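In what comes next, subunit A is part of two complexes: it sits with subunit B in the first one and with subunit C in the second one.
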Partner chain A sequence: MVKPVALLGGKSALYSIIAIAIALALIPLVLGYNMYYVYLAAQVVLVTIMVLAWNIIGGYAGQLDLASSGYMALGGAVSGLLLAFYNVTPWLGMPLGALTAAGLAFLMGYPTFRFGVKEVWYALSTAALVVILQRVFWLIYGSTEIYMPIHRWSWYHLRFSRYEPLYYMLVVILLVTLWLNIRIKNSKLGYYLTAIGEDELAAEALGIDTRRYKLYALLIYASILGFVGGIYVNLTSIVSFRMFDPWLGIVVAVMGIIGGLGSIAGVFMAAVILRTLEEYLRSMFGATIPGIHLLIYGLLLIVVGVLKPEGFAGFLKYFRRRLARGGSGG
Partner chain B sequence: MKVRRAISTAVAVIIAVIITAAVVGGIAYYAALVTAPAPTPVTKTVTVTQTVTKTVTASPSPSPTTTPTKPKPVIKEVLIGLVEPLTGAHAVFGQEAKMAAELMVDIINKELGGIKSLGGAKLKLVVEDCGESPETGKLAAEKLVSQYHPPIMVGAYISRITAGVAEVTEREKVILVMDALVDELTEKGWKYVFRVAPKASAHGKSAADFVIDMAKKKGVKVESAVVMNEDSIFGRYVANGAVIELKKAGIKILDHLEYPYDISDATPLVSKVKELNPDIVISVPYFHDGVLIAKTVAQMGFKPMFIAGAGACGYTDPDSIKAAGKAVEWYTNTYSYNPARPTEWNKKVVSMFKERYGKLPTEAGGIIFYSMMVVKEALEKAGEMFPDDPLNPDHLREAFLALDLNDKNSIAAQLYPTGRIKFAPNGDNVYAGTAVLQVIKGEPRVVWPDAEPGLEPIFPRPDWPGK
Partner chain C sequence: MGSAILSVRNVTKRFGGLVAVNRMSMDVRSNEMLGLIGPNGAGKTTLFNCITGVYKPDEGRVFFEGREITGLPPHVVVKRGIARTWQKVRPFKKMTVLDAVTVGALLKIPSVESAKERAREVLEFVGFPKEKFARLGSEITLIEHKLVDLARALATGPKLLLLDEVAAGLRPHEMDTLAKVLLRIRDELGVTMVIVEHVMRFVMNLSERIIVMHEGVKIAEGTPKEVASDPRVIEAYLGTKPV
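Up next, the complex of A and B:
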């Protein structure tokens, strides 16, 4: 990765984004357009978007939100069902999905913030939200799996027989999410959110309208996920109640925490490294010693958690310090 | 001012990215198109060792126009991809499928001498874990294809994962022999999929056929039925199959009930059925609901002519019998595989499986037994029909479609409950059917269509008061 350290600063953010954009744009070429790697790269970018979006509510505002998969699946369901049943293009379906997710986030966020649902209770209620969504979807559509229409190459349906187009769309969304993260960090909203994340009571005492800014963060987070849901659905070509996966919501939060709460570069690295590693372990050991990849993955999480409680961001800081000292001493 | 500058830089960045992406994407697509005729450079890992030996002898070449006969490829090894859920919630099934596949490959290579029409080519299994979601299923399929590009793949037991795998195999023209049962999988117009196993609705159909057949044999008349199922995609398809078959036989369906699979009280359900008072009940249970239903039926003193299960889980499996005790006596269920089928090869495969793994094969393993054997027999056929290029996907497809297997001419058919295999153009087995197991004295026994030696299905239920 090209100097993700630079992301920590504000000035060189532009160069970092350009560097990341070029790197990501070249990845399929470097991988020789191998379908497996491109599909994997798309998965990695997707998870990275989720974690970066989560960073806004979880990292900055310090709200342990576990509903990321719920918002994404909701957006995906809107876009996917419109495409499957009414032949509506995802170009329309995705914004609608984002809007629906934001609407739900408002319905969810307004009362919870109004009545001061915080910390563990907020985490629990968001985790419950995913399960509720799953059950509601199940009640409406049953356990029927809805398959996306098959097209060999259609921009209208966003259905392709290769993964590169969807990969590039995901990369664009990733860059927008990255830019949003940087923008928010260096804006009034970001300072307010950081204050709320540090100590909500103190922030309120300072006169910050905590309810409103938490809601802003939640809405931004939910819209990004709702939007990207449409691509997720086209990537897996299936809509079912299983998309509302509480486990994925937890994984995203764990990656955000391992990355170092609020640190863009750390979160970015955590998502890329952990998702790639997970797939690498699965494909290495999945068939020979089933289950060992989950064990190794879990152990790694524990090791990072114990050694560097501040996450990947901690490693980054450490390396930057060493670089500043000319690499000597520790 | 500052904000405006930031926005404009951001816009510039986004435009730059989109342009880069478009350019690279365009190049990518162009490159892919150019290299398309030959499978993409990276996927070109040699799968079939094709040592070209020039046979100048007059080989039976189908094309008389070209005088120099095409060199006949010598194939030493045929790769078979196996994609199964080896981890996660469905690992039990995937593990058994893998065991069964390994056993079958050993039998084919060692006992049957490989694929004879391909000069004794051996099968080689390449296994990939597809986890428990469509994403990992697709990843696994993409990986198998890009690493080995096997001509034939087998998998993936769970229907939603299989759908993801099939998208990949269809694009790459790899034959996929599916061991997943949901009907829809063969209704999507896919060209390179085949399914030997009885699909979900065939399970329901078999349950109905069993009841109709037994009623005829015992001289009782079935006039009305209630069909009920747990509300999963599989349960619904199974029940629909039963409903269609019963209607065809002129039996009146009094009601078709659906309930959640994790139902906690079966009393309302059973009392409704009791009120309708049908001659027979066909029930598609999961596990726990089957136990509940059977117990409630016993408690409420509901005594219909017969209660037949369908869909391979619940009622007749050892755990349900343990949990429900006497309540599930005389219940039946349908299975995709009949471990007790008294054919030479079935007995042999079951005893080998038992010897190697120390347990009896169940549904997941049984489907793989005959699916792998069909793969072998299709490869034989391809070698006979297209000696010049037997592994071409379209040739393989034709070979699968040309198969017409029965107990006398095929080992695969001997392993199959109905003893006959022939594929329809959509890839389904025309003669698909299941075996019926019945709980007799607390033991699950195979009673239909080939009963265990010395065994008769108990029909109607002995406690049926008669009409």
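Up next, the complex of A and C:
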């Protein structure tokens, strides 16, 4: 049985998910079904999924994984190449992408956890994984961009002349990932992962098979990313070596940290706000001063880091306390 | 006196050229409260780490309830029934006190709700203040940390509890409180205990049997009185008398 869990104060998790679902469903309407804006909204939802998936390995289990973009691109490549070359539907390609990403995660995680690779060394090895995947892809397919087939409106190919269908698919995956986060947090798995994230040796001494549980977290994380990769390639219509983007892997981890490791609401808000802001800054200043959005973005990260090391979760807690005080006073 | 619940046989652990534990043997009897004392660097914590699987001994064997546990990883050793606390507390800072103890209880109770219930009972048993169950690990005092550490280990349902300097850093009246809790754990829960200390007073009052280690070897064994008057023990603690 799922106990109602406070996501943003007193409301139950279910209500929060429904509220988020309604808000996200209305966004294309609010944006006036403008193609470009809906595309950006889909990008924001995609990054939010990535950060929520990362929260399981990075937030709960405390492993600074920087390979999220690698797992997503791998899943995307599997699904995209099957579609482009063999006309295989992404409905099959996406689960296969998830499986491939999970397989790679196992190959990566088993030895890393077996030999106790931790902290910065773990971060470095996962960052290297993305670069290696990029090089391998480049060796096979070179720098050519592989285009997805063009269809005006095909649910078989998941190819559409508008972005709304993919946007809504991403919203569904986001909600599932959110639910999964809440579910894990309140389960034995969540308690164990959080303990591992806090102090691995103490966790081990309480009977937790830390290697096994870290591997569980890594497999869940990689599967979600591998799955969503199939939608990503259909959103951009291109499979290329550039998808294996080490920078994106870092951004996802940074958002998870800024959100307040392990705090579902904080991580959710950090991803939505920071990604939207980045896009806004790019469109406002990107043309006049190239790269300025990255500078402002970076400054903001420093400010949050200095003022509230516990991230957005800290701000949320503060507001919740203020609200509670106001409520009891009035 | 009961039979040996834990047997350490000729355990040696080296770090490079340093022999931290040197052919150490000892028996822990069922339901006793054994004191393991010795000056700093005597090898007590290393011995604990060899028993609990944090280190693999270079030589020697460890038996628990007649079964060999030498070199088993820590999470397996706990499942067999040996829990421990830490010399330097290793708190779960971002978890509430109740959740931290729940992690321990989850070893034998798979349901989170029941494990939480068990955690509440254990916290109350060790005398942790009820109104602070929802505090975060980063918000409690040292004695409270020690109690949480103890409750966390106890929640795994051990038969043997290894306590690594539980009394270190505590004020005298806090030590008395803790001593009472330890006695209750042994008498009411039937948990055997090994208490590592280098502050002698605390163990001397609690344990009926004491083993003294110095530079990795056992130099004395006996009642607190016998041990305290043993010349080798006095020498180890105070050094030789100048001629």
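Note that in this section the second predicted complex is superposed on the first by the 316 of 330 C-alpha atoms of A that agree within 3 Å, B and C clash if a C-alpha of one lies under 4 Å from a C-alpha of the other, contacts with A are read in each partner's own complex, and residues count from 1 in each chain.
Keep in mind that, in the parts below, contacts are C-beta pairs under 8 Å (C-beta built on N, C-alpha and C of every residue); 3 or more make two chains touch, one makes a residue touch a chain.
If you're wondering where the values come from, they're calculated on a predicted model, not measured in any experiment.
K.L.:
Please determine, from the superposition on subunit A, whether subunit B and subunit C clash or fit.
P.N.:
Here the two partners, once superposed via subunit A, fit next to each other without clashing.
K.L.:
Contact-wise, after the overlay, does A:Thr194 reach subunit B, subunit C, both or neither (first, second, both, neither)?
P.N.:
Touch partner of A:Thr194: subunit C, not subunit B.
K.L.:
Given the superposition on chain A, which partner contacts more residues in subunit A: subunit B or subunit C?
P.N.:
The larger set of subunit A residues in touch belongs to B.
K.L.:
Going by the contact rule set out at the top, does A:Leu29 touch subunit B (first), subunit C (second), both, or neither?
P.N.:
In the superposition, A:Leu29 contacts subunit B only.
K.L.:
One more residue to check, A:Gly262. First (subunit B), second (subunit C), both or neither?
P.N.:
The second partner, subunit C, only.
K.L.:
Give one of first, second, both or neither to describe whether A:Tyr122 is in contact with subunit B, with subunit C, with both, or with none.
P.N.:
The answer is neither, since A:Tyr122 touches no partner chain.
K.L.:
Classify the contacts of A:Ile208 with the two partner chains as first (subunit B alone), second (subunit C alone), both, or neither.
P.N.:
A:Ile208 sits against subunit C, while subunit B stays out of touch.
K.L.:
Is A:Ser143 in contact with subunit B, with subunit C, with both, or with neither (first, second, both, neither)?
P.N.:
A:Ser143: touches subunit B, not subunit C.
K.L.:
Which value in Å is the smallest Cα separation between subunit B and subunit C when the structures are fitted on chain A?
P.N.:
9
K.L.:
Please write out, lowest number first, the residues of subunit A touched by both subunit B and subunit C across the two complexes.
P.N.:
Of subunit A, no residue contacts subunit B in one complex and subunit C in the other.
K.L.:
Quick one: in the complex, what on subunit B touches subunit A?
P.N.:
6, 9-10, 13-14, 16-18, 20-22, 24-25, 27-29, 31-32, 40-43, 86-87, 91, 95, 98, 127-129, 131, 133-136, 138-140, 142-143, 145-147, 159-160, 163-164, 167-168, 171, 182, 184, 188-189, 231-233, 236
K.L.:
Within the complex, which stretch of subunit A touches subunit C?
P.N.:
Subunit A reaches subunit C through residues 3, 186-188, 191-192, 194-195, 198-199, 201-210, 261-262.
K.L.:
For the complex, which residues does subunit C have touching subunit A?
P.N.:
So the residues of subunit C touching subunit A come out as 52, 54, 73-75, 78-79, 83-84, 86, 90-95, 99-100, 102-104, 106-107, 110, 112-113, 115, 137, 152-153, 156.
K.L.:
Tell me, which parts of subunit A touch subunit B in their complex?
P.N.:
Residue positions touching the partner: 14, 17-18, 21-22, 25-26, 28-29, 31-37, 39-40, 43, 142-145, 147, 150, 161-162, 164-165, 168, 171-172, 175-176, 179, 183, 235-238, 240, 242, 245, 279, 282-283, 286-287, 290-291, 293-294.
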